[in-house]
Amino acid sequence: MAMTMSGEYQLAAKRETVWQKLNDAEVLKACIPGCEELNKTSDTEFVAVATTKIGPVKARFKGKVHLTDLDPPNGYRISGEGDGGVAGFAKGGATVALTDKDGGTLLTYNVEAQIGGKLAQLGQRLVNGAAKKIADDFFKNFAANVAGG
Amino acid sequence: MYAFTFHQPTTVRQAANLLAKNPEAKLLAGGHSLIPVMKQRLASPSAIVDLSKVEGISGVEMKGRSLVIGAMTRHADVANSVVAKEAMPGLAAVPGSIGDPQVRNMGTIGGSVANNDPNADYPAACLGLGATIVTNKRKIAADDFFTGMFSTALEDGEIIVKIQFPVAKKAAYEKFKHPASGFALVGVFVSKRASDIRVAVTGAGSNGVFRVKSFEEALKKRFAAKSLEGMSIPATGMNSDIHASAEYRAHLVGVMARRAVAKATA
Amino acid sequence: MAAVSMTVNGKAVTGNVDPRTLLVQFLRENLRLTGTHVGCDTSQCGACVVHINGVAVKSCTILALQLEGANVLTIEGLAAPGAPLHPMQEAFRENHGLQCGFCTPGMIMSSLDIVRRKGNNLDEHTIREELDGNICRCTGYHNIVKAVAAGAKAMAKS
Amino acid sequence: MSATGIGAAVRRKEDQRFVTGSGHYTDDINRPGQVHAYFLRSPHAHAKIKKIDAGAAGKMPGVVAVLNGTELATDKIGNLICGWMIHSKDGSPMKMAPNSALAVGKVCHVGNAVAVVLAETLAQARDAAEKVKVDYEVLPAVVDPAKAQAQGAPQIHEIAPNNTIYQWHLGDPKTTDAAFKSAKHVTKLDIVNNRLAPNAIEPRASLAEYDSGADSLTLWNTSQNPHVARLVIAAFVGMAPEHKLRVIAPDVGGGFGSKIFIYPEEVVCLWASRKVCRPVKWTADRSEAFLTDAHGRDHVTHAEMAFDAEGKILGLRAKTIANLGAYMSTFSSSVPTYLYGTLLSGQYSIPSIYCEVDAVYTNTVPVDAYRGAGRPEATFVVERLVEVGAREMGLNPADLRRRNFIKSFPHQTPVIMAYDAGDYLASLKKAMEIADTKGFDKRKRDSERNGKLRGIGYSTYIEACGIAPSQAVGSLGAGVGLWESAEVRVNPTGSVEVLTGSHSHGQGHETTFAQLVSERLGIPIENVSIVHGDTDKVQFGMGTYGSRSGAVGMSAIVKALDKVEAKAKKVAAFMMEAAEGDIVFKDGKFTVAGTDKSAEWGAVALNAYIAHKFTGAELEPGLKEGAFYDPTNFTFPSGCHICEVEIDPETGATEIASWTAVDDFGTIINPMIVEGQVHGGIAQGIGQAMLEGIVYDKEGQLVTGSYMDYTMPRAHNLPSFKVGTTMTKCPSNPLGIKGCGEAGAIASPAAVMNAITDAIGSENIAMPATPQAVWVAIQRANGARKAA
């Protein structure tokens, strides 16, 4: 099932700095909720392992993360797909745009996510909220990372 | 289910030790959220620590001006507790709306609060009464305890022992049930104490239980359903799914709040 | 594997089970008590309801190991083979409170719990609310409600 | 009427085992050495299977085999079939796509089985299934029937361009168009008949055992028609010759249509049991049931009704798109055609009707017959049109119905059916009395005083049951005749076993069929056993569906009993040294007319087996007769249901305040059981109208996959029902039975929606009318009123 979310963060850092961090595997790994591994396979591709917890549900997704539509330092699209075994699969992407604002950078994002398999079938009550939380957490973590220098 | 080891400690300390030894362990309280998920193989705890044989963490009693409910007290036992019904009928009525009779015979308040399901009923009662969650390590105010959907202030190895509810003269819970699951599509707990008026909402928010300050302010002027006439909350931040849109949930928050106040003042 | 012992329908039983064995599996597979059924996997249909220490629970949502020392009653324990039916069983039969029979054991076990909690004089509204944990697809509940009321009354007399 | 004969509310014989937990459902049965099957299912709605790697899975503990569709094809196991040929209006045959029990090359819905793992325990099978690696290439999916035929929609099967299975029509477009041209008023509705999951509480199960010595297979399964399962699996799937395949459907926990069909899992269990030479057991869990049991309904319809100035119906036309899902299930093609279009005349004299139905493939689980099958959809179209038409013309809905009722029989409709008997005025009148429709206005005012909205809705329905006359259905494309068989075996002690091809999975045949025998032979009901559900015991039968067990199954028993009686008279004549023609049989006693000579039933039965006494007589020993009965027409149960609802406008929560059902089922064998059937049907119809609805997201993920999201009717959702009957006997079968199994589900959705729309003053709401849907409709209506 598909979900869409959007939001924005005002970051106290220069656009170039933000852009750099958006492309830094270590930063991304630290920001993706539950990310255990994120290994670069090319400049724009990573293999990833992340564990998602929604209450008592815990699913481990293995998959790929791609960066596309790169437009330094204005933004890109980050997308991923993961196989969660019995839990099903998850796919999603976020369009991230950076603009100068108030001496810092305004990050805006539009996320769409889709899950399939058992989680979609059994988790209607939970997955919308969970997907939103994961997206929120990622950008919140990222903002904190930027703020932390 | 995936394989796990099974433990049945008899003290909180033993339970805490088991958690410390098994980082992937899960506490089993009533089991009605955990076991279905394990059956679907959507959870794979390495160990299950069953709290049902732990002594001293169930029962309902008055202590001073608080109603104290042990973490392993079953929903049915709270609903039937004479002490609870006399002290605070509005709270005692909450567990009677959870799940179904068989679920209420197994489910526990501690399990419900620790799980903090965004559609669960007890979190609304805790927040709506300003309860204190007492763990084996510390006391946590409800306002600080519920930190988002399925997330709480509990740390690894921390076990809820009991929950203290300050007695409110006027308190009531109104719930619009999810037609299929029986969870709260929207549930509103309201309370009035000398110092404090609270309106807590479960089921509606995409990030779990929350308070509605605007309603609380309106009720401070006069604690009556009329004070909330025509009020609702914005749909932003409300959960939206095939059963209820954000707008419908926001609308129901207003309706259920008015009905809860009416019930509390009846 | 772990050992568990409990009393089922008045008989002491022991088993050596994988910890992930649910009570309903223990009853159906180890003890061959197949009157307790499984109709869903989200603890809602109630086909698996049994009594543990006198209280109705869903045996699909409890581990066999949790029940060390417990007293379990299943549908097979209500009336011995050849003996007269329990009044609630009789009421379901008499009032046509069942069709395919699959949900019936759970319905009867839940009904006994309603009587335990709410007494022998049950009105329709109470029965309907209290049957929330049991799903029947055949009867439309009309005759189940009648059966529970009649069974509760009969139990007072017996 | 005897205490156990026809018309008596005999308590059910089968209940002893059910209330004591000693029934035997398929999952209760185990065979020595059995292995457990776990199906690996597609998480995608539409994908190519590029590779299946079971290497690691095969090495897991306890694994006996991992099998896939390619191996199934290699072993020449054939595809599942749809047994009813429908031709498009251009004469072309329906486009039946290959339907392999395990996917080959491609998956077409979430839950499509891709591989099966056999292991010593179920947990081991599941563990191993997680190690099977399937490489999918995901394809775009289509789930909405209204979008399936669009340009650019994903193509599911090569054989069916635009995903169109057939474009069928019925009736006369020219006369219908003319009727509309002459109309004074035309009512138009867009209707979605929501998709439902049947949800028998017993999930499907199969246990297959291969006997290598005899080279034969036995299948225990949850079937409504074991003989048809055997026939299809033998003749079409090619699993084994029919005489080497035994199918046993023991106690079955509800069917509602969903257990008629031949499913992939039973085919795979049979095949696998022969492959590994071990019994193979599979039991669905509820999640699998949602993903794989054939769903019901799922129509999108535009319908119009033309009226003259006096409110006489001049014509009806309907254009329906029917979603048949990813593959054509066993009888799927017949449901939106001959079980739907043929009922569009309802209880009304309608001069012209034209109906077009496009059936489409989508990336969803197959759709097939579910309680009522086609007839609830037709009734909903007709009864909503009539109700809305009355409102639009300012006429009383009951009056408009009366004005248009068919009043003389037989009546030939413009859509094939020839109604043989009925009295629609009688059931409407009686229902209105029971429902106290005169008091409705007062009750509405009372509701209003409490801040509630109250509405009343009628549904005067008709159905075609007793499926079906073989001549008729054969000419319409059915692949098999739909007669029924019976065999009556009289034992030497006089007890009787009746072997029937009807199957009971809640209907109480062990009681009602025994009542018939008890009455006819004058013997205690305890002395009669009904044997069903085993192809090795019962010669052949067509099973239970379409409310046919009474009208067709019992008629076959009547025919066999006729023969038994005739034979017994021969024996009695021999015993009493009288002419056969002088023997009278009544109340279990044979007498010689005009004498005081008599012989009890038991004595005659015994003598039938004492062959040495027959020396010199032309008498064959034994007392056992069989018969086949083929009905000459459908039966036409009808009736009137009246629903009253009360709505909380603040939340949209809707309560059924009262329900009245008056049905004409012809002869009733056991009123207690008939009422029970009505109750259950109403509950399912209320479920469809207010609670239930399968939802797939646009990628084809099933998002109502458990009882957490799919709302099953529970006791507190329903009222107690007020049930009554009227009676016109069915003239086409010996007992006058019409059938009662589906009536409730057919009548009720329209009654509910007519009541809800009456209460809220808007027609703009679709099923299921959940609290949210009702609330939104009220907001919309209020908005429109304010704007106006």
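Here are some notes:
Labels for the chains are A, B, C and D, by order of writing; each one numbers its residues from 1.
Operating definition for what follows: a contact is a pair of C-beta atoms (placed from the backbone, for glycine too) under 8 Å apart; a residue touches a chain by one contact, two chains touch by 3 or more.
Nothing here was measured: the structure is a model prediction, and the numbers come from that model.
The chain pair with the larger count of C-beta pairs in contact, out of B-D and C-D, is C-D. The distance from the centre of subunit A to the centre of subunit C, with each centre set as the mean of the Cα atoms, comes to 48 Å. Distance between chain centres (mean CA atoms), subunit B to subunit D: 44 Å.
Chain geometry summary: the mean Cα position of subunit C and that of subunit D are 29 Å apart. A separation of 31 Å divides the Cα centre of subunit A from that of subunit B. Residue positions of subunit D touching 2 or more other chains: 123, 130, 287, 703-704, 706-709, 712. Multi-chain contact residues of subunit B (touching two or more other chains): 1, 38, 40-41, 181, 242-243.
Touching two or more other chains at once are residues 18, 20, 41-42, 44, 132, 134 of subunit C. Every pair of chains meeting the contact definition is listed here: A-B, A-D, B-C, B-D, C-D. Within the complex, the subunit A residues that touch subunit D are 1-2, 85-86, 88-89, 114-118, 120-122, 124-125. The residues of subunit B lying in touch with subunit D in their complex are 1, 40-41, 176, 179-181, 242-245, 248, 251-252, 255. For subunit C in complex with subunit B, the residues that touch the partner chain are 2, 18-20, 22, 41-44, 46, 49, 55-58, 60-63, 65-66, 68, 110, 113-114, 117, 130, 132-134.
Contact residues of subunit D toward subunit C in the complex are 11-12, 14-25, 27-28, 123, 199-203, 251-256, 285-287, 505-508, 672-673, 675-676, 679-684, 706-708, 712-716, 718, 720-721, 744. Chain contact summary for the complex, subunit C toward subunit D: residues 18, 20, 28, 33-42, 44-45, 47, 74-76, 78-79, 81, 85, 89-90, 92-94, 96, 98-105, 108, 124, 127-129, 131-132, 134-145.
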